[in-house]
Structures are given as structure tokens and as C-alpha cells.
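The letters A, B, C and D name the chains in turn, as written, and every chain counts its residues from 1.
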Amino acid sequence: MTMWKRLQTAVGAVALVGLMAGGSAAAFAESAADIAVREAKQYAGTTLTVIWEAGLQSLDPLNFSGPKWEELTGIKLKVVESQVNEMFPKMMQEHRAKTGAYDILNVVPAWMGDLVRAGALEPLDGYVDKYGYREELADIGDVYRENQMRIGDTIYGFPDDGDVLILYYRKDVFEEMGLSVPTTWDEFYDTSKAISDKHAPEMYGAGFMRVRGLLHYFYQERARVEGCKFFDAESMAATINGPGCVKALAGIVKDNTTMPPGVEAWGAIESLAAFNAGTIAMTQWWPPVGRWSAGYGTDTEALSWVPPSVVGGKVGYALPPGGHPQLAAGFSMSVSADSKNKEAAYLFIQWINSKEISLQRVQLPYALRDPFRKSHFESESYQSLWPDAKEYLATLQAGAVTGLLDLSVINTFAYEDALGRGLQAVMGGADPQESLDEVAADWDKVTEKVGIDKQRAAYKQWASKPNAYPN
Amino acid sequence: MAGLRLRGVHKFYGKVHAVRGIDLEIPDQGFTVLVGPSGCGKSTLLRMIAGLEVVDEGTVEVDGAVVNDMRPKDRDVAMVFQNYALYPHMSVFENIAFGLRMRKVPNAETRERVHRAAEMLGIPELLERMPRQLSGGQRQHVAMGRALVRDAKMYLFDEPLSNLDAQLRDEMRTEIKRLHQELRTTMIYVTHDQVEAMTLADRIVLLRDGVIEQEGDPLELYERPTNRFVAGFLGSPAMNFVPARIEAENGGLGVRLPDQTVLALPEGRRSAYADQVGKTILIGMRPEHMHRDREGEQRDGFGRISVTVEIVEPMGANTLINFHLGETSILARLDAYAAEQPGQKLDLLVDMNRAVLIDPESQRVI
Amino acid sequence: MTATTMRVGQRANLFADRNFKWLVIAPSIIVLLVVGIYPLVYTGIVSFQQITMMEEDTSWAGFMNYAALFSDGRLWESFGHTFLILAIALPIELVLGLLMAQLFLEKLPGKQVFIALLIIPTVISPIVAGSTWRLMFDNQYGPVNQIIGWFAGEPTAILWITRPEWVYPAILICEVWQWTPFMFLILLAALSNVDRSLIEAAEIDGASFWKIFFRITLPVIRPVMVIAILIRALDLFRIFDIIWAMTKGGPGSITETISIYTYIRAFKEFETSYAGAIAFLVIILLSVIVIFALKRVEIAR
Amino acid sequence: MSDAAIHRKPLFGRTRRRMTARFAVAVLILIIFLFPVYWLFITSLKSAAEIFARPPVWYPAEFNLRTFAVLFKDGDVWAIYNSLIIASVSTVVAMVLGTAAAYSLARFKTGGQNLAIWIISQRMIPPIVIVFPVFLMFVWFGWIDSYVGLILLYIAFNLPYVIWMMRGYIEDIPIEVEESALTDGCSRWQALRKIVFPMARTGIFATAVFTFIFAWNEFVFAMILTRTEVLTFPVLVTHYYGAQSTFWAKIAALSVLGTLPVFFAVATLQRFLVRGISMGAVKG
């Protein structure tokens, strides 16, 4: 309700400013959101279609941003929900058939390169300048802005979700046992082992996601921290089986021994449930755990599925060991190259991504969009949502500087898939070195098929981003 | 009322030429039986008359008009099927009434006519039952009722009695004959059973392999078959065929059998075969045309054969005797009063007036 | 009826009767052609081109994609996985179904109720079936490990979906659970239709129960079993939904079936041409098997 | 299935004690087969705490219908409605077209054996290998995410089954019955309507139920050919598997809602279904 009021005030203020100053002279006083709304009004009566992850994610456009947008501009927003794994195939298949079925796309940064190369995304620089969004873009967290916004030098999407995997730990347990937050993975092992030795089976030192499709994020992070490089930048031979890489994977296997039995099968829900239930002392998760474990919004119907938290107020936030959290997945907002209403589509993503509106969105109790702007991290209203919220935001902000990007080259899926299979084999008991050798062989095959030169260019483009590797 | 006429009718089933140029006139109000061994095309012919089969060549004419492409429903025929084809989801009443309902006969009249038909067939108590609750004979009655209730131009019967046991079959045969005598409408009846054909028909059409072998009234076909097939088909037990040779004998003509016996031809028949002396033929003798020679009498027109009895089958009214003439096994039907024993020698008289002589080449009666 | 009116009617009927059989079957054939032919032609054409996610390169590639099939180990493994599931699930379903049918063959109180309830797994959507078994097999929150724990006397945490040695049992249990009732129902009907006098004759001849079962009953119900096996074999060859809901082909690629692998190549990697070659291979293989099997069934009709 | 046809000396004996033993085994089998269904059902009634309880809870403390209420309130049951429309309409149309075609095959052997085999073999192709070209084709026709598209597809998908089944049923009706109707004064169409269809009623029921179930449960086509308007229930079930969330209660609740219709259809029509399920192999 308060948000709604604030919004009304804002709109009222804009109207007032517009009245007083008149014409374009007022533009400097307008926020990006205001510009978007003003410009979008000429498209009133049209409908924009957006593809969004089904479930919680979609509640934002369905309950909040969609209705607001329509109220402000008269443009309807139609939300096509899709299971997250189906989003990429669906976007690609519609692009292949040139249907223009989706005007606005939610793009996971790792997919962006493939979508751009397939010609599915609209370059946004022209619009950014036309509608005065440069300034507000600068407010987006460095790591997202520098890494997840462009392919080459061209803007293809606005980072819209600060999906950084930070470490959550039980302050009370650490205090009781006199432990300090681990800063290296060796320390992590010792800490986790110490807690497990003392408290298992009631409580284990840690519990991480280990299932296929998720484990590779943790591995990508830790491998690079250990000095692993994905490819040899010149020959494009896969180096995913290098010493650092193997060390990281062996470390993961070793850490598992300090975690609850069966952790190898844990997905997002299992580690969330265990952490909230107080049966693990550490986990590495996306930002929502910070809110949910504190009980923020979990009394709402949308979050009724969240395993109830008994650890509210006892949760500490930190960067994971090594200090370079993975920016795992997350979403950017893009405009489809096949859209028949690109101007309006762009205006919507500018509006939704703007300082003003995004701040409201990341604070929605059911939100799965996590803070990604400097102004979010510094927002007083956000900092006051629960007692430790300030600390939480500070950690996210720190992660938004040092975080590491998901690998993104040509046919990213094939590489992720091969890596995922290899990692899963290791969770099933296979030898890390052998499995990674196989992954490397698979990668080389994919590279060869894509074309070594093409892939080298794509990889260089990715690797030249500041947060591709830790320095 | 010229009745039904078929001209040059052909039917093909793929490569099978089932009906091969039938020319036939069916007399009005008559009882015509199409008879022949299975696969002779008789049912096909009937179905073409009903309009259930397309006529591939030739014409079917009713009252002078070609009806080849007229639908069954417009031909005003009633038909009784071999398996009765009762509608399993309708009561007996509805089964019988169905044809009337399709012709939009008023309800009261329908009811009346159904009851009348049921009375006629002696099944009024079955009207409310469902077909699955009926015995075979009852179903047959219902099937008959379904046809009779109609006031059709023609009644068609497709082997209606073949699924009944012997006794019921005899009863129903009589019943059908009586019905025809009462109704005096055109009936066409298909059967493979020559007894039914003989007893029911005003006129028999004997078919084989899609062509008419012979047509005429029953006794004509029985007494004067035109070929071996007709001779062998009608009559039960079937006619015996024995290879023989025509020879001149004592100034007359005779037929020499394999056992060297010579059977003299009656005077009236001699002239017909005068130029055939020395010719090898088949002689056809019906079992009922052989008699015991009790007194050794010589009757004109009969020839004597001496045989050794092999098997004796007493049937009550008659006794069947089996013996050999040369290589051929022969059956004779004798009066029942004396009991022969196997192995017994016996003299038989053959009625040479009714024996048929057949050219083995052409299979035709000469 | 006069000759002239008859001739008019004649022509109309001639058309209707001579073409009636084609008229009534035409709509179905048209629908099947509309939906069936284009995909076939498209698949055939693209499989000779070089369309990938990046480039819609429609230039002629000859048999390049087909040649690549032979060196695609993952494809042949997926064939292997498919046949592995088929080879294990089908006999189990058949034998279990047969045993259950024997059990329910005789009078049993509430028989119809039993049958009505037993049929539920078969009519459930495979996606739901897979989801249900994911719940059941969850290593922490599922009842399967709990029950095993009771028998084992200690807590069990078998990683059904994650461990290569457990994932097949998990999938097979789900598959067998869903389709054994199907076999059961068919075989029960088949057994019920066996002519009792055959069994009695064999009994009089002094055959034991098992002799009767193997020498008389089985041969008599064989035609039905053949059809049932055929139906299930073809279903299993296409198996997708259950695996999709349970493992998506994991762990590793250890449970990737032909359908799952085709999906990955076609929709995850958008190797349109290559996926076209796989599709064509599958269609040809199936056509040969299906037509061969159907000819036999048709002849037996 | 008639008890009369049952032979006398089955595996499990015939004395009363054996009957009791057989009954016990039957109950055990039933429990094993229905337990997953039970688990699905109670999961739909559990609270989050109970779903994530260790050890697992076998019955919820209270039967809370909140998840069902949420499905109704959020309009997720719309997917059930979609499934209902699509499955019903496609079933009716497939039955009409298929029965007509089956009649032609059964009575006239139209096109010979090869046509019959071609038709049934259309059903055997895995959906996944043809779904992309179907998608492209449907884009041209504007059928993506529309009732028309999915209905047409399911008609095509189910036609071979309907034709195959109905051909068997029609072949079992003696042709003379129909001919009798023709000579009794029916047109061909009247003979179909008054005689053939009523006589094939059992077959029509059984075939229609399975056609309905196939359409109801179908996943691959529905996943790829819909966007949002005509989402069917199996696809919506998969939506509850999120990247950072898994709505087990919703998965279970929607599954229960989506299973109820087919269960009731099958339970009421059970005795007709044996032949349907076996594609005509058993003339039950």
C-alpha cells in the first residue's frame, strides 16, 4: 500500500513538473521511469507480451508491475509463464519461426550471447540514448553493468536481478563455538567439520546445492578461485581439467563429507529447508534466503511453500570463501528482435528496470528479484525491512563488486550440460580428474563443431569482461 | 407386372469373377429357389437383387425399369438373412416394427401388423423380449416376422434355415411353403440344400461358378438334368455315375458296365444312341431307381446287375445298400422289408428309362 | 417410379455409393496428412542442411549429419538406455501382470472394486506419475527411504535420483508401477476368455497346473500378449514424460533416452539439422519395426 | 469378464482358507499400488512444515485445503478447464471422423491392408521428433497457443487409435444386420445411426474414454505448442518446479485435481475399458 501511495505521489509530481516547465525542457527533471511512462502513453491500448519464469517470479509482473504499467500507460502486459528450463527453448523456437510472440524477454546472462548471435535480441543503445536512460544505468551494480549488459560493445539487456550466491551462517553457532567466518575453502572445511563433529546429526556444518544444473555454479566459482581457466585462450583447448579445476572439485567432494548424508542430491529447496530448519550451520544460496530465513514475507500466501524458519535473527551474511561469489543465473530484461512493438517494449523494460520502480520490485515480499542497484543496497527503506537487513545488503553489495560471471560462449548450453554431467558423475562417486578429463574432451568436441575461430572470438569477448576471472 | 428380370449380370470381387453373365426372369408371385454349391454366386445374385451389391455389368430390371443404382430402401424388398441379423439392441417387437417405422407407417397400424405377423408365426409371447433371450428357432421366427410384416414387392431369403437343427428345419420349410401359398407374392430363396430347393420351389435355378447350369420346375430338373452336375446335385443320396460303353446287343443297344454286365436300353431310347455305338460314357443311376430282383423276372426297361453287398444302412423306410461296380462305389436305396447282410450276393434291377447317359468329355447328358 | 426420375436418382446414388467409402475416410486421411506429412518432409529436408542455433544455413550438406550420427556416442548410449529400460520393465510388467491376473481370475470379494482402483496408476498423467515418484524417492522427505529404514533398522538415505546405481531402479519402479496394471487388465481379460473346456481336457489328460499354464493357457492367450507387448514396447521406445519429470536424463547422461536426447539436441542446442537426422533415423527405424509387426498382426486379424 | 469362463484350478487354490489368503494378497497389492497415489493426495493437504518434515509425515495434522483454495483463487484451475475443453472437443471430433473412417475400412476394406497400416503407424512416431516442424506449421496457420491448434493436433494424434479400435468393433457387427436395415428401408446414414452406432456403443464408450485420457495426459505437444492461453494441466504442473522454489503442495494439488476426472471416468466405465486399453486385442 505504501508503495502504491509513493508511486501515486511520484506520478503526481511528474505531472506537476511537466505542467510547470512544459515541453522537453522538463526532461532533465524527469526520472527514467517518468520518461518511459510519458513516452509509452502513445502506445496505449496495445498489448505487450513478456516471457517470465513461472511461479514466484511471475507474481511481480502479474500482481505488481503489470497492473501498474497498464494503469500508468494504458498498455496491457501479457505474461507468458514458462518453466525456467523451457524459457530458452521457447524464446529460440519463437525466434526461429519469427513469430514475435514475445516482445520482452527475461534472459539469463549466460544465454545472452547465444540469443544475440542467433539474432533474437534487439540492440538497445539507440533506445537508451533516445529515452535518456544512460544515467540511471550507471546506478546498476558494477559487476552486473560491466558484465551482464553487453555483448561486445552493444547493450542487449538490462541487468535486473542481483543473483549472487553469498554465504549464510549461523551467528549463534559460530559464537558459541568460537568460530570465525571462513575466508578460504580450507578454512571452510575445518569449520564445517568442527560443527558437524560436535552437533551431527542434529546439525551439520554446512549443506550446499549439489544437483546437476546447480552444482556447476559452485564449481565454476571455486575452480576459478583456485586458478582454473576454462579454455586456453589461444588454442581454445579446454583446460577445465587443469590442476586448479581438479583441486576445486576434489575440495567439493571432501566438503561433502562434513555435510548431511545425501547432500549430493540436494537442490535449492533442500538446502533452503535445512537451513531454515536449523539443521545446517552454513549454506551458500541466492539472496532470497537472507529474507526468508529472517521471516520477511514468509507469512504471505505466495511464500507459504517456504519451509518455516526457526533461525530468524541468528543469520549472518558473508562472501563465500575466496571472496568471489558466483553470479549464478539471474535475469536481464531484453527486447525481442522479432517484436512488432519494440518502442513500447523497450519503454516497459526501462520503466521496470528504473531506479524508482526496481526498488519497489526488489522489496516485494514475494520477490525473487534481488537487489542489483547501488541505490537498492543503500536504500533506507530496504535496510529497515528486518534487523539485519543492512548487513545483508552490504554483503550483496560487496558481492556485486567481486562476483564471478557464469561462462557464456557460443552454445553455452552444450558446455554447461557436459560440465553438469561430469560433475554429477563425481557426486555419484566418480574420480574428479577422470570426470573432468571427459568434460574437457566433450568441450573440445563442441568447440570443434562450433568452429575454433568463432568460439575463440566469443570466448575472448567473454573472458575480457572484468569479472570473468578473479584477478 | 412383368416381375424381375436380370440381363447379362456380372459381378467381380477383385480378380474373382463371381457372377458370369446371368440372364434370368423371375416369374411374378412365384417361388424361385436359387440353389447351388457354396461359392456358386447364388447369394451374390440375391444381394444384387436386393441392392446390397453393386451390379458390375448387365442390368437388373423390375417391372421393366432398370434398378441397378436404386438403393435397397427404395426397392421395396424384404429379406431374411442366414444369421437372422436381428437388431440386438431392440426388442422383438421393435425388430419386427423397424421396417414399418422406416416407412412411416402409423403407430396403430404398425402395432396391429406386428401382432398379426407374430400370430402368424406363433410368437406373440416373445414380443417384449430381447434377441439375446431367444433360442435359435425363435430368432429365426422373428427374422421371418420382420420380413412378413412388410408388404413388400419381393421377399428374399438367404439360406434362412441353414442354422437350424433338422427337425426345426423341416417344420419351417413347411411353414414357408404355407406362407407362400397364403401370400402369393414373389419369393426368391437361396439355399445350398437341394431338398429345400426341391420341396419349396415353383422354379429352381441351379447355379455353379457364377453361371446357370439349368433352370426349370423341380421335377423337370430331377428327371431331365442336362448335364452331369445337375444330375449329381439334385437327389439324395446323389446319383451314381459308372463308366460304361454303348454297345450293340442282340440287335438292340446296351450299356456295358465295368463288370461286363450289359444293361439293355429300352426301345424308346435306342434310336437316340444308334450312332454312338462303341462310345465310352458315364451312366448315371439314382439310388432310388434300383430295386431288388426278387423273382428273377425280366421287366421291360430294367436291366439286371449282380452285386455283392458291402455295407447295409437301414433307415427305417428304406435301406441303403453299398456295393462296387468295378472301381466305383455305388449306393442303392431299396425298400426296407428284407434285411440283407454284408457279403450277401444280390441281384438288382436298374430302371433304364430313368438312367442318364453322359458324355464324359463334355459332361453333358446325351 | 418412372424411368426418367430414376435416372436422375441413379446418378446421385452412383456417386454416393461408388465413392461413399472414400468420402467417409477422406476427412481422417486429410487430417493425418495435414499434420503428418509436413513434419516428415521438413525433417527430411533439414537433415540434409546445416542449420544450427547460430546460423540458418540451408546449404546442402549431403549425408554429413547422418555420417555424424555414427560417431555420436551419446546417441547410441541413449538407444542403449532406451532398450535397457524396455528390456527390464517390459518382462517385469508382463510377469507381474500375469501373476496378478491369475490372482484375480477366480472369484474374489469386491473384485470389481479392486480392479477399478488398481487401474488408477495407468490413467494418471505420466508427468504426474514422475512427480509423484520424485516425492516418494526424495532422500530426506520421501517415504521410500523411511520405509527401507524401518526394515534396515537404521536411517537410510539412498540417493535415488542422483546415484547412477539407484536411478534406474527408481525410474523402473515408477514405470512398472504405472504400467503393470495395464498388463494386468489385459491379461485378466485374456485369461477370462480362455475356453474352460481346454483346461478341463488337459486336466483329464493328467497335466499339472504349471504344465497346463505353460502348454495350454499361455499359447492360447499369446495373440493378446503379443499385442500388449507391442503396445508397451512402442510406448517404452518413446519414453519421455516420466524421465522428464524424474531425472531429465541425469545423473550425467545416464538416463537419457532417445526422446530425451532428441529434445536436448533439438530444443536446448537448436542443432536443427542434426536433430532432424536423428528424428529421421528414429522414424525410419520405427517404421520398419512397426510395419513389420503390424503386418503380422493384420494378417492374424 | 465373466466368471463363468474362469477355469477351475488356478494358481491360488479354491478352498476358503485359500480365498482368504488370496484376498490378503490382493489387499497388499492394492496398498502397494495405491500408496503413491495416497502420498500425492496427502502432500496436497500438507503445510510447508509437514512437506519438509523429517521423518516424513504420513498424514497431515489437519486437512488443510489451502493449496486447493489458492489454485482456484489464482486461476490455476484454468489449466484444468483448458484440458477439459481440448480433450473433450478433440475426443468428440476424433470419434466422429475416426468412426466414419473405421466404417469405411471395416466394411469396404478401403485402400486395403496398406492404408490401415499406414494409418495406425502414424500413431507410433515419438511426438518429440516431429514437434518442431509442427510448431513451424502451426505458426503459419496461427494455431500456436490456441484451442484450434491443440485440438487439431490431438485429433490427428488420436485418429489412428480411434480408427484402429472402431474398425474392430464395426467388424464385429454382422454386416447382415446392417443390410437388413437397408432392405428394411434405411438409407446408409440411417442404418449407421439407428443400427451400427447403437450396436457399437460399448466400443464407442471405451474408445472415447481412452482418447480423452490420451489428450488429457499429453505433455510434449502441449509444452511446445502452447504459450499461456491454452496451457494444459500437465504443463502447468511442471511450472511449479522453479529454479529457486518447488511448490510441492501445488504440484500435488493440481495433480490430484487433474487426476480426478479421469479416475471417475474410468471407474464408472471400467467394464468397457479392457478392450480399449488393449487396442482391441481383447474382445472383453
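Note that in this section a contact is a pair of C-beta atoms (placed from the backbone, for glycine too) under 8 Å apart; a residue touches a chain by one contact, two chains touch by 3 or more.
Just so it is clear, the model here is predicted, and its values are computed rather than measured.
Chemist: Shortest hop count from chain A to chain B along touching chains?
Modeler: Minimum step count, chain A to chain B: 2.
Chemist: Quick check for the class: compute each chain's Cα centroid; which one is farthest from the centroid of chain B?
Modeler: A
Chemist: Based only on mean CA positions, could you tell me how far chain B sits from chain D in angstrom?
Modeler: Their C-alpha centroids are separated by 55 Å.
Chemist: Determine the centre-to-centre distance between chain A and chain C, using the mean Cα coordinates as centres, and give it in whole Å.
Modeler: Distance between chain centres, rounded to whole Å: 40 Å.
Chemist: Touching two or more other chains, which residues of chain A qualify?
Modeler: Residue numbers touching two or more other chains: 89, 93, 96, 273.
Chemist: In chain B, what residues contact two or more other chains?
Modeler: 71 - these are the residues of chain B that touch more than one other chain.
Chemist: At which residue positions does chain C touch at least two other chains?
Modeler: Within chain C, residues 140-141, 267, 272 contact more than one other chain.
Chemist: Could you list, by residue number, the parts of chain C that touch chain A in their complex?
Modeler: My answer: residues 53-54, 56, 139-141, 157, 159-165, 248, 250-253, 264, 267-270, 272.
Chemist: If we count contacts the way the header does, which residues on chain A are in touch with chain D in the complex?
Modeler: Contacts found on chain A: 51, 53-57, 78-84, 86, 89-90, 93, 96-97, 99, 101, 267-269, 273, 277, 286, 288, 301, 304-308, 329, 368.
Chemist: In the complex, go through chain C and note every residue touching chain D.
Modeler: It is residues 16, 20-22, 24-25, 27-29, 31-32, 34-36, 38-40, 42-43, 99-100, 102-109, 112, 114-128, 131-133, 135-136, 140-143, 146, 177, 180-182, 185-186, 188-196, 199-200, 203, 209, 212-213, 223-224, 226-228, 231, 234, 237-238, 240-241, 244-245, 258-259, 262-263, 266-267, 272, 275, 278-279, 282-283, 286-287, 290-291, 294-295, 298 of chain C that touch chain D.
Chemist: Can you name the residues of chain D that touch chain A in the complex?
Modeler: Per the touch definition, chain D meets chain A at residues 47-49, 51-52, 66, 70, 132, 135-136, 139, 144-145, 223-224, 227-228, 238-250.
Chemist: Quick one: which bits of chain D touch chain C in the complex? Just the residue numbers, please.
Modeler: Chain D residues touching chain C: 1-12, 14, 19, 22-23, 25-26, 29-30, 33-37, 39-40, 43, 51-56, 58, 97-98, 100-101, 103-105, 107-108, 110-111, 113, 116-117, 119-122, 124-130, 132-134, 136-137, 152-153, 155-157, 159-160, 163, 188, 213, 216-217, 219-220, 224, 233-234, 237-238, 248, 251-252, 255, 258-259, 262-263, 266-267, 270-271, 273-275, 277-284.
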